[in-house]
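Each of the two complexes below includes chain A, the first together with chain B, the second together with chain C.
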Partner chain A sequence: MSAPYGRHGHAGSGGAVALTVFVPPPRRWRLSDRQVGVLFMVPFILVAAAFILWPVLEAVRLAFYSKSPFRPTMTYVGLDNFRYLFGDPVFWAALRQAVVWTLSSTILQSILGVGLALLLHQAIRGINVFRGLLLFPYMVPTVVIALIWRWMFNPEFGIINATLLRFGVIEKNIYWFSEPTWAMASVILLNVWKFTPFVVICVLARLQMIPVDLYDAARVDGASAWQRFRDITLPQLKAVLSVVVVFRTIWTFNKFEEIYLLTRGGPGTSTFNLAVYGFEQATANLKLGVAAATGVVMLALLFTGSALYLRLIGRQEE
Partner chain B sequence: MEIRLQGVEKVFGRGARTVRAVRALDLVIPSGEFVTLVGPSGCGKTTTLRMIAGLERPTAGRIFFGDRDVTDWEPRDRNVAMVFQNYALYPHMNVFRNLAYGLRVRRTAPEVIDRQVQDTARVLEIGSYLDRKPRELSGGQRQRVALGRAIVRNPAVFLMDEPLSNLDAKLRLTTRAELKRLHLELRTTTVYVTHDQLEAMTMSDRVAVMHDGVLQQYDGPAVLYERPVNTFVAGFIGSPPMNFLPATVERSQTGMALQVAGVTVALPDPLRRALDQRAERRQVVLGVRPEHLRFQSPQVAGVLPARVFVVEPVGAETYVDLLVNGHRVVARVDADTAVSVDDKVGLVVDLRRIHLFDGETGQAIR
Partner chain C sequence: MTYETRRRLRLVLLYTTLVTVTVVICFPLAWALVTSVKPNDEMLRLPPTFLPERLTADHYRALLTGRAMYFEAATGYRPKTAPPQHFLAWFFNSVVVSVGTTVISVGVSTLAAYSLTRFSFPGQRFFSYFSLMGYMVPSVIFVFPLFLLMARLGLTDRLPSLVLGYISITLPFCLWLMWAFFRGIPLEVEEAGLIDGASRLQVFWQIVLPLALPGIIATSIFSFVVSWNDYLIARIFMNSISQLPLTVGVMHFFEGVHVDWGLMMASAVLMTLPLSILFMLVQRHLIVGFGAGAVKG
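Right, the complex of A and B next:
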């Protein structure tokens, strides 16, 4: 395998040859670091443009057209789809329910998540088993979970009613999916169960990064356990919690499959959120334009909400 | 505030992984003194400090502050302040709030907090960055804030865990002097932990030398240097450290004599008397500080034959590493001493200043 080297200083004895081997390659082929960086990003940019940017732009365009899935044509209707939305009482109900569903889920997940993370942060023997178990709800596919929960929530022979009855919390069976309030509670419960581990993982990771010295310093300074939590743990968690809350809010607001698989949005439309509403507009009412307009409204709401929230958090940091 | 440790023990872990960090420690820290716990890492000095702070509970033994048994007290009830090695400043609070935190959780009136923080800031010259966050400060500034957080509460005891070890060499030197000056002004009982024997020697009223969880010697710096109780203390205190040479003690016509590196050396009276009471012939370790060695021509009778291994000039003086009968020995000589590598020289030991240690136990013979 001497051929590749032979081209530069051939033969002769080692030392002198070695010097000539490292002739820089011809100048015109050299790229700057910046150009190489751009080159590495090109595949991602192409994929993102094809599968994210373009569909989003298409959906926004569709919001201004009338389109049925069974006809190839589409008609420009201006703001008609939005007028239809804002005139539809079900849209407003779905928006209200979406807010209830999102806020309740996110708040419960955050509180439970921080609590569980603090618990799992303790140095107790065998705690790693529980840290591992925690991932379980997060790993199981939503379809499987929804099916299991449908059984658990079954009014006649579900484990939830059976347990509540046995412990005397309730006196007669709750018909979970037949009453609007209980149906909403059940989908929120499912969401909290499934996504609390996400909060726990984020918070636990941050907790483990807080220097133990800070707690020692606070103990010597005279802080009680509550004061140490309030003055050291919480401020240290603030950054991660604000990100977690934004993510959980966006994801929950957009969530479709949990509600649809558990209650199909029912009874009636009482567990519709905007995602389910949009889906129903597209599949049941065959109004693809209205469905797209719903998506645009969701996008606008989430965008404004996140921006405001992060601005607020950022200001508190100062 | 006088601090008294009585038979204090600390054991970490269980079963095979048990670590006995501190063993049967008795220590009295007199009120108003600057006492240093010094030793290599893992010797138990930081654990001892944390037990005094109340951050660790002793496995056995009692700790007294004055007459009160504080062994089971929380840190907050002990009225101590601590400076941590990494400063442990609250990263989300500015300097003012860092200083004020201990006062605030004790429900001090806001105007009192303000006054005390301003006073402390003036003493430590940190007043100009009270509204900055710790991450916006240099290492030296952080160190001052950590110190300020300790003194602002006017505690009964200062506890300092290697507070200078994260500073660069020059800053460490000036801060060391300032800390000592601060102690002279405040006269607050201070327990200081370091692995640096120089810090221990320069700052302390008393030094407790620890090794493997056991207190080796507790004395003033001068006594530690002049009369170390065993080879560990002798080798730990002083820089460059004391030289050790194996030797034997034998009875001669004139009384006990020392055989070292093939040379017989007469012993000074106090050592001879101490040895007379013991066994006939025994292995000992001869300890000589580098400054108690002089050079002579190797032909002179009674000198230790040595070869120069390396010469280390440090400016005001020169350290000469020598090989004596295969053992490394350092001599501390005037900077103008003319020696060079591989020279053969004769070493003269200042016999009035030698130390003898038992060959097996390492305990001083005196």
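Right, the complex of A and C next:
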């Protein structure tokens, strides 16, 4: 191989020549930065447009049509789907239950999450093992948790009733999934169990960034542990907590599987949230339009909620 | 009280709290494991035994060999539930679909995130809004239009439809995470390569990608977990029993008259196993991932 570009010949062929001489690749392989930039975006734009943007827009369109999943026809019905929704008492019940489900899950997760994060923040031997074990529930498939929950809360053979009976907390078996209040409590418990680690991880990451001298100074000034928590830790966590709470609220509000796999929304419709309601409209009632309208209502609620929240946060910071 | 005894007391208190909390939180998983190795008669005994008196691998054998014969040996009658003959096929389907989803969504978003951090062009803000919105849209919204799209493409009831469906969940957070990782890689490293005469593609392939590897690993794991755990999309898209992923398949065990809890708990353990292995291997990377941005869940 001749080496037309370098005085010293090809880098590998010289043997004794220590200098590395660059050989530019043939010109046709070179893409300008602009071309690379565009080329790298193309797959993402195509995939996102086809499988995210289009389905969401299509769902909004579907909300104004009557459509069965198994028939190709679609009929424009204007606002009928929304009229149907607002006239359906089950929709309003689902909305109320969604609020109960979202608020209690998020509040419990946040309190437990901060507590656990403080516990896991301690610099003691073996803490990494505890961190690993306590974060693991976040990875466990919802189906698996639902299977385990159904087994543990089984009225006749479940460990929960057996334990409660043995310690005399209850006198006869609780039928967890047959009573609306207990069913709601058990889905909330499942959600809290699975997603508290999320709060822990976010808070833990932030805790590790708080400068230690702050605490040392406070200690010198004779501040108690509670005062140190209230006056140093909490203010430092405020920003991350406000973000975590928003995300947890949105995602909990949207959750479908956590409820459906455990109670199927039952007994009756007492653990329906809007996602389960929409799913049932599409699969049991074969009303895709009504399901899509439910989705549009959910999106509208989420956007209004986040906009209000952002404004609230903004005002507080001023 | 001396300083030393106070310190000791505090440590004891801390460890006691930690151990108690860990036991409570890990109990459900441990209980599934214990139940899965109990023979059927012991499983339904009251009050339950905390440690199995006799160990059995019957439930696992039934799942892995697909033979339901053990039912008769253990309980004396043949239950009406579907035999677990599809378990291995479901497992295989889950692996294929999760790997496929991860490769496509991480690949596509790695390229896009690189482009977004290294070149400036109009509309970049749009992409950050876009992936943030992707976090907010509930899956129940796009699952039905996607189903209609798959039906039109003739893909329903086939594994590729699941990959395409899962991408719609994983893509926004993959872009978000990779974006955060690429922002953390200093431009100087690449400029050095470019000055040495390497092309943009060479720089990307040989310098930037190796540096971004921890981020790529973390993002891949999250993408894998999300695809592995999905129920909703598979429930809507898939129909024939041999084509199901694990999540939807295992729920079929509830459809008989007789519920076989041993089988159920064994499937729960086997379904969690790949995730536990991944988790142990890369726990460190995962914390990095969480630090970079919120992950959908």
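Heads up, the rule we're going with is that the second predicted complex is superposed on the first by the 275 of 318 C-alpha atoms of A that agree within 3 Å, B and C clash if a C-alpha of one lies under 4 Å from a C-alpha of the other, contacts with A are read in each partner's own complex, and residues count from 1 in each chain.
Here is the rule we use: a residue touches a chain if its C-beta (ideal position, glycine included) is under 8 Å from a C-beta of that chain, and two chains touch if they have at least 3 such contacts.
Small disclaimer: the values here were computed from a predicted structure and weren't measured.
S.K.: Have a look at chain B and chain C on chain A after the superposition and call it: clash or fit.
M.R.: fit
S.K.: So in the superposed three-chain picture, is A:Val192 touching just chain B, just chain C, both, or none of them (first/second/both/neither)?
M.R.: Neither partner.
S.K.: With both complexes overlaid on chain A, does A:Asp213 touch chain B (first), chain C (second), both or neither?
M.R.: The answer is first: A:Asp213 touches chain B but not chain C.
S.K.: With both structures superposed, pick whichever of chain B and chain C touches the larger number of chain A residues.
M.R.: C
S.K.: Taking the superposition as given, does A:Thr142 touch the first partner, chain B, the second, chain C, both, or neither?
M.R.: The second partner, chain C, only.
S.K.: Taking the superposition on A as described, I'd like to know which of chain B and chain C A:Gln236 touches: first, second, both or neither.
M.R.: The first partner, chain B, only.
S.K.: On the A-aligned overlay, A:Ser224 touches which partner chain: chain B = first, chain C = second, or both, or neither?
M.R.: So A:Ser224 only meets chain B here.
S.K.: Quick one: is A:Leu119 in contact with chain B, with chain C, with both, or with neither? Answer first, second, both or neither.
M.R.: In the superposition, A:Leu119 touches chain C alone.
S.K.: Quick one: minimum Cα-Cα distance, chain B versus chain C, in the superposed arrangement, integer Å.
M.R.: 7
S.K.: Show me the residue ranges of chain C that touch chain A in the complex, using the header's touch definition.
M.R.: Checking each residue of chain C against chain A gives 11, 14-15, 17-18, 21-22, 25-26, 28-29, 31-32, 35, 43-44, 46-48, 104, 107-109, 111-112, 114-116, 118-119, 121, 130, 134-142, 144-149, 164-165, 167-168, 171-172, 175, 196-197, 199-201, 204, 225, 228-229, 231-232, 236, 246-247, 250-251, 261, 264-265, 267-268, 271-272, 275-276, 278-280, 283, 286-287, 290-291, 294-297.
S.K.: Applying the document's contact rule, which stretches of chain A touch chain B when the two form their complex?
M.R.: Touch list, chain A to chain B: 211, 213-214, 216-224, 227, 231-232, 235-236, 238.
S.K.: For the complex, give me every residue of chain B touching chain A.
M.R.: Those residues of chain B that touch chain A are 50, 53-55, 74-76, 80-82, 84, 86, 88-92, 101-102, 105-106, 149, 153, 159.
S.K.: Any idea which chain A residues touch chain C in the complex?
M.R.: 22, 24-25, 29-31, 33-34, 36-38, 40-41, 43-45, 47-48, 51-52, 54-56, 58-59, 62, 69, 116, 119, 122, 124, 130, 132-145, 147-149, 151-152, 154, 157, 159, 162, 165-166, 193, 195, 198, 201-202, 205, 243-244, 247, 250-251, 253-254, 256-257, 260-261, 275, 278-279, 282-283, 288, 291-292, 294-296, 298-299, 302-303, 306
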